[in-house]
């Protein structure tokens, strides 16, 4: 089955955290324990938005030691495709929903002598689970967390109270910024760095660290790309013999699923590689939006990641 | 077990370490560890540095003569690195490496050059601090003698030149596989006459 | 830790037998019937051949997630003896403790669920109570607290679990074998290979690298998900029902390869089948790899006519490099000759089940 094993859950709590972020707690529909997971894992939430099937990945933020429920935090995106709006406007306690088994594309390196975490905004969520994991199983960490303002700094109070001295907060509206150069120059050998947040922040942290001689293998980041919108386009599916049209707010993967084609996927955010598909013919331009294929593969145009990438042009034939 | 002795320079198996020429990299400390002819690789990487005096002023060079007697310690000392130490042997330089690692910071660059025995043992020490081995630069120079662990008694024989050879610990006749353990920093030696005791092929010099 | 259980449990089901010295190991007729014969056609070449590890036919070795068979108690006694002689056969690098707990949970939950007559697991929060009746073990402990078990969680549960297991940490787009136990291995050294990545520990395997087998297998495994284990077969040949064909002890068992005659081959020569299963572990994100060994004497296997025909053809036609790697090149001709008496040349049906 595409997307792997599924979990039937019930919404147990819906808690507004601030003006943009709402937290959801899910428990197993049958009352049993949910599978354990590792800090940094995400789940794909399936939504039935008035007939449109939406599947969005969200980092699990609850403690990996708590199998009684999973928690996620969703930031409302008023100009997105509608997944976060659906979560905010239509998901209520008691609702039955379907989640994927947890998948981790942002795991801690357990050999690290120290874990240095840098979070921006909603990018805090995987770190909440990782910090719970390190607190329980042992492991040295330090978190640097920036938000637009105090009001938007979700879970800052909880973190600073639980881990005084290890959590450092920064606020854009007070013109505070992490002194990255100093921070990165002070870390003991064997430190691993983790960053999750806005694209610009991830790039700033990774390029600074690399320029200072940090090996790539010690740098970890997580970035889910929302599929995004674009012009409608037509695709021929060679294996199933169908021709489908991908709508402006639909992803190619979603369009295939809507046409009854069972295509593989895991993260639906261009990160995991599961949905990689061979391109048989391309007369036009593939708009690659994934983090999986290499720049060379993007240029060659012989593969596409249907969960996020789109197409503009005359003919696209893919192997599905 | 059928035994094909592979020439040392033949295309080899995936566990065989890969070496390449040292390149200067950005870093706050350049920790350079070499033995024997590895000194030449050190001199060359410094020559390639964008800012040689800057690199030297943040370099710590640790050196031991090679198993074949090659000793370029004086040449290395003459480079003028911030710190230089010549040890009489590889075992004698390892405690100093441990001490340097104990308060090294991220941003340190590691350069290893010389025999596989030196490279392997220094790499194991660095890896034990949680540092990724692929980010450690390694250039093989000089002697090709091998450090081999007897899979039977677990003893390590240093500077193995012939194949097969007699384990210096248990005395079994071992052939040298290309299978390499980074954790143990040694190639694997397996009894060559296990199935037909006493039938030991003539020893040939494979590693010099 | 030494022999910490009192196996008074040999009964109508669990056989009292040895895998060394007098080699009294054999399969009952029921065990032959369910033997996991690994060839689904008349020839053999490497392939990734992975399939979902879902419950299979009733009575087969796939009926349950972990198969507990008539050899369980005797295999665990043999394992304890190997570990007493050489503790390096079980190792776990420091960062793998959590993966060890994941493995302990996987095994205990599966056995208590599928074999309630033999195993029981009661949980009160983190306080767990485990009973292993065949081995006479009863243990209360705190989950995730190493100080409450007599040894590390990985070794503890491995002393009660058939099969060699390795635990792979996932980093840098590959898998690292950072823990493992090997007491029934087909000639690979856990001590030497621990710490290696996927391509490194498979390095000695001939032909498969060139075919890209390991690249494809790794890509597949990196996407392995919790809750969706997979399995495949591997196989080799062993003289005598010797579980511990380790490189460490090769000087001890190597000479037995020269002991085969047409008269004793049917009883001494064993097909050694590995049922390999892979599980993504939840808390550690590591992958557990179970290499479960089944030994079948040639004379037991040829009681199934289809298997007799097929085994003859596979051994006769296999690539010599593979026969050499699997360690039976020197006895291959003798095996072919012995097996030829059980091959009447009739066609065989696809699939491995004996009766199809």
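By written order: A, B and C. Residues from 1 in each chain.
Just so we're on the same page, contacts are C-beta pairs under 8 Å (C-beta built on N, C-alpha and C of every residue); 3 or more make two chains touch, one makes a residue touch a chain.
Bear in mind the structure is a predicted one, so any value in this text is a computation, not a measurement.
S.K.: Sort the chain pairs by how many C-beta pairs are in contact and tell me the top one.
M.R.: Max contact pairs: B-C.
S.K.: When the mean CA coordinate of each chain is compared with the mean CA coordinate of the whole protein, which chain is closest?
M.R.: Closest to the centre of all protein C-alpha atoms: chain C.
S.K.: Indicate the whole-number Å distance between the mean C-alpha point of chain A and the mean C-alpha point of chain B.
M.R.: 42
S.K.: So the centre of each chain is just the mean of its C-alpha atoms; given that, what is the distance between chain B and chain C in Å?
M.R.: Inter-chain centre distance comes to 36 Å.
S.K.: Where does chain A touch two or more other chains at once, residue-wise?
M.R.: 109, 111, 217
S.K.: Could you pull out the residues of chain B that touch at least 2 other chains?
M.R.: 132, 134 - these are the residues of chain B that touch more than one other chain.
S.K.: Going by the contact rule already set, what residues in chain C reach two or more other chains?
M.R.: 172
S.K.: Considering only the defined contacts, which chain A positions touch chain B in the complex?
M.R.: 109, 111-113, 184-192, 211-218
S.K.: Help me check something: in the complex, which residues belonging to chain C touch chain A?
M.R.: Residues in contact with chain A: 94-96, 98, 102, 105, 144, 169-172, 219, 223, 225-228, 282-285.
S.K.: Which residues of chain C touch chain B once you look at their complex with the stated criterion?
M.R.: It comes out as residues 88, 172, 189, 191-196, 199-204, 209, 247-251, 254-255, 257-258, 324, 327, 329-330.
S.K.: Can you name the residues of chain B that touch chain A in the complex?
M.R.: Going by the criterion above, the answer is residues 25-28, 101, 103-109, 126, 129-132, 134-135.
S.K.: Per the contact definition, I'd like the list of chain B residues that touch chain C in the complex.
M.R.: Interface residues on chain B, with respect to chain C: 1-2, 13-16, 132, 134, 149, 151-152, 154, 172, 177-184, 188, 190-191, 194-197.
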